[in-house]
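Look at the two complexes coming up: chain A is in both, with chain B in one and chain C in the other.
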Partner chain A sequence: MKVLHIARNTFRECVRDKVLYNLVIFAVLIIVSSLILGAITIGDVKQIIINLGLSTISLFGTLIAIFIGIQLVHKEIDKKTVYSLLSKPVARHEFILGKYLGLSMTLAVNVCVMVLGVFAAILYLRHSFQVSDVQILLAGVLILIELMLVIAIALLFSTFSTPALSALFAFCLYAIGHFNTDIREYGLSSDSWVTKVVASAMYYLLPNFGNFNIISRTAHGQFISTQIYLFAAVYGLIYSLGLLLFAMWIFQKRDFK
Partner chain B sequence: MNSVLLMLLLFAGAGVYWSQNAIDVRVGQFRSTEEVLYLPSGKVIKTLSLGHNGLLADVYWMRAVQYYGGKRLKNEKRFDLLDPLIGIATTLDPQLIHAYRFGAIFLSERSPVGAEQPEKAVALLKRGIEQNPDEWQLYRDLGFVYYWYLQDYKKGAEAFLEGSKNPKAAAWMKTFAAELMAKGGSRGSARFLWQQFHDSADNEQMKRNARENLLRLDALDQMDILRDFISKIEARLGRPVESIEELVKLGLIKQPLDPKGFTYVYNPQTRTVELSPDSTVRRF
Partner chain C sequence: MPQVAIRTEGLSKTYRTGFWKTKPVLALDDLNLEVLENEIFGCLGPNGAGKSTTLKLLMSLIYPTAGRAEILGKSVFSLEARRHIGYLPESPYFYEYLTAEEFLAYYGSLFGFAKAELKSRVDHFLKLTDVFHVRKLQLRKFSKGMLQRVGIAQAILGDPKVVFLDEPMSGLDPIGRREVRNLILQLKREGKTIFFSTHILNDVETLCDRIAILNRGKIIGSGTLNELFDQEVSRVEVVISGIPADRLRELAGTEASVSETGSTSRLELPAEARVSTIVAGIEQASGRIISINPVRQTMEDYFLKLVGKPERRATPRSRD
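Our next item is the complex of A and B:
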């Protein structure tokens, strides 16, 4: 219950901070794209709208997750509101979990509205939907889980580092997480067993953001097995949980005196 | 205070507009896109795209279309960046079918309509087939490039035959492969193929290209008929004919017009009927 209160307040705080203003930029982008893309390219405009829409959802969401995520804890410490909060019967782990869920709720609203925007653009272009368009919805869910993982990363760094460094670390980890497969390939092609082991360890330790990347296949309307969605979702949620537990542990140990 | 701020804002806006125009006039009103690819490798761009390779592929494809369109508008004959741009787009998204299909046309068409590089179009389509073996239309396009632009009828027939093995492939592909082997590059085969392209095109650009080529074939047929007719008249008159207008004045024919409405020209030296220099019918 306390967690939900903190989450709700975090959500309100994000709305007050005008985080959802990015929806306006997204709306303008999608509307303008729908109107002009047909004139400047050859081929399937719907495919471009899906690529553009889902990539924008992911990019905007990542920026929000990192830049708001790193502030979640730091702001409370900086304004000293954390003292009054923790002096109440609120456990530290509840505070972290509440903050995490609050930002996740904000991004969930963001993703939902943006996905609806993509559907609206498709309806404008094609005047109808296809069965394969359901995959846009599923891609939206995977993007949200990816963003929840990014929030967990940002939150983890913010429990022990400054906002600037937290942002840097979070972004680096996000970028490395996209090169994960290359790291493994590099290890596999190496003759040295040390390199193989290190590369393999990195592959499993670092978050693999490639797991959530189904935008291109969604845009082509290609069938993606349900198992891929499920395992990617499970991976993202479990990884986020691990990071959250780690963040809670660090926050628990932190001395505010 | 507010009105002063507004004035300053307007002043700043006008200043930006004025200075930008001053730069444009000195650099050239329409600054041409630099003929440089800062990142020439699609694989590198794909790695750096952080999972947004689909969107980047669309951006590179749009860039390729704009590059091609820009060159066509300026009537330029060199399309140096076309192949690399299409290559990057298809590396970023190997399932970008329209990039293979239209890219092959842009690369194959003879100058100044296209880059006149059918070998590169063949390489592009082969890459497309490798990545998308179920797309029978890529086989058809490959066969067509061999047939129409490279006049390699054997390889063209092989591509049509290979594509016809796909259950979704158009029924005519198998028979056309046989016809190609037997008759080679006859005008009838060309007409049949362009008609198929026209009827099955799923967008206006492709349809227009097929239509232009069908009109060109019509013009070739009409010029053959005219030449035969002039030969017969010359035999009957016992003297060479100087121009088509002469036949019109004699009341032997009505002024013949090409499919775009321009008059034909008769060259008495070479004894050939040609398109008028003003004609917009494709010439190759």
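Our next item is the complex of A and C:
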């Protein structure tokens, strides 16, 4: 229960810091795009709207996950709020978990509203839905799991580093994670055994964000198997859990000077 | 016989500083302390003495390099110990986006109080610390004194048995300071143990059953006020008018010190001086005695004697 109270307060902090204001920008973007595309596009308007909508959800979510995530713990230490909080009967790991769930809740609300916005835009342009549109919903779920992984990365860095460095590390990891498969292929094609080992190690150790890359296929209405969804979801959740445990361990060990 | 509420044995803390964290700075050295239940215990010392380090160790916010600390017989790292303590950090900064009411409700929820009990506790402590009328105001709009009151409210919200207050009078106006002093005495009447650190020596004299004086990470004096310093008359102060300072020096002799302020002079005599003879001499020389005050050694005298020497304060130390 204590974890939920901390999560609820983190959610409240995000709301009062006007994090959800990005929804307004998203709403304007989707409405304007729908109106313009509806008027001028000859091709598949729906495909463009889904692509634009899901990409924006992912982009906005990633920016929030990194910029708020890196401050989650650092701000509490910097402002010394952690002093009074941890003098209460709260374990340090409960604090970390609560902060993580709080930001995850914020992004869940963000993603839900944005996905509804995409559906509204489709309804406006096409006046009906198709069975395959359920894939937009599933893509939304996968984007949220991907964002939860990004939060875990940002949170991990924020337990021991400054916000500027944490942001840099988190962005680097996020960028590398998108080219993970390419790095592995480069290693496999290399003649040097050192390159092979390093590339393989990077592939297996660093997060592979390629697993969550289904936006384009969803927009084109291609069939995506249940295994792909399940694998990406389980991969994201297990990787996040691992990072969270690591963050908890670091936080447990540190002094608050 | 009262039980021990707070016990530290050989508690030490060394910080590592510098880019490579190789330079050790001793913040607390072999602290052995026992605070009894229902005692008001004051921890004094100049900046950098180790007071806040002691409090952070007791709050398990930092790990000791050596030694151990217990509160009510339990390790400070156990959640069970933390269930029975309240803590007001120095210069508290709380969640500025919350109202005072939301803030106390949030912290109260961490103790697992039921909703109705939580509401009544929050209201009670808002009233007790005189911030009930601004309970709907966000903490970002609070003055330092008001934040201090909310800080005290959160420290005692969970009905703690041991209350730790780091500079509780800081930022308060004279009325607020008196209210906090009364509150501390009320907590004692309720059977709680209070451990506080302060720079304000008057608070120590007014409130504390026992004190410990820290300097450069070590205890340099501890006990009751009577045990620590002699409260016998240490000197006699005589205020005189109508006689020049030079003439006064001749009459009082070499042991006295004379200072002049406007039309009056102040004569300080050692306790053993023959005051009546000197006073008679002054009156014969047409001087007018305004007052004669025996001066006892004060807490300030004692404190300055222990830690106030320039050579002791010359070396900067780690943060306190």
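Everything that follows uses one rule, which is that the second predicted complex is superposed on the first by the 252 of 257 C-alpha atoms of A that agree within 3 Å, B and C clash if a C-alpha of one lies under 4 Å from a C-alpha of the other, contacts with A are read in each partner's own complex, and residues count from 1 in each chain.
The definition used in the following text is that a residue touches a chain if its C-beta (ideal position, glycine included) is under 8 Å from a C-beta of that chain, and two chains touch if they have at least 3 such contacts.
Keep in mind the model is a prediction, meaning the values are calculated, not measured.
*Asks:* Following the superposition defined at the top, how do chain B and chain C come out on chain A, clash or fit?
*Replies:* fit
*Asks:* State whether A:P89 touches chain B only (first), chain C only (second), both chains, or neither.
*Replies:* A:P89 sits against chain C, while chain B stays out of touch.
*Asks:* Looking at the overlay, what does A:A120 touch: chain B (first), chain C (second), both, or neither?
*Replies:* In the superposition, A:A120 touches no partner, neither chain B nor chain C.
*Asks:* After the fit on chain A, how big is the angle at chain A between chain B and chain C, using C-alpha centres and going to the nearest 10 degrees?
*Replies:* It is 150 degrees after superposition, to the nearest 10.
*Asks:* Taking the superposition on A as described, I'd like to know which of chain B and chain C A:Q47 touches: first, second, both or neither.
*Replies:* First partner only, chain B.
*Asks:* So, A:H220: does it touch chain B (first), chain C (second), both, or neither?
*Replies:* Only chain B is touched by A:H220; chain C is not.
*Asks:* With the two complexes superposed on chain A, say which partner A:M1 touches: chain B (first), chain C (second), both, or neither.
*Replies:* second
*Asks:* May I ask you to decide whether A:L59 touches chain B, chain C, both, or neither, giving the answer as first, second, both or neither?
*Replies:* The answer is first: A:L59 touches chain B but not chain C.
*Asks:* Rounded to a whole Å, what is the shortest Cα gap between chain B and chain C in the overlaid structures?
*Replies:* In this superposition, no C-alpha atom of chain B lies closer than 24 Å to one of chain C.
*Asks:* Under the stated contact criterion, what part of chain B meets chain A in this complex?
*Replies:* 47, 50-55, 57-58, 61-62, 65-66, 93, 95-96, 98-99, 102, 203, 205
*Asks:* Using the touch definition up top, name the residues of chain C that touch chain A in the complex.
*Replies:* For chain C paired with chain A, touching residues are 15, 56, 59-63, 79-80, 82-83, 85-89, 91-95, 97-98, 102, 106-107, 109-112, 151, 154-155, 158, 164, 319.
*Asks:* Chain B touches which residues of chain A in the complex?
*Replies:* Residues of chain A touching chain B: 40-44, 47-48, 51-52, 55, 58-59, 174-175, 178-179, 182, 209-210, 212-213, 215-217, 219-220, 222.
*Asks:* Which residues of chain A touch chain C once you look at their complex with the stated criterion?
*Replies:* That would be residues 1-2, 5-6, 9, 12-13, 16-17, 79-91, 255-257 of chain A.
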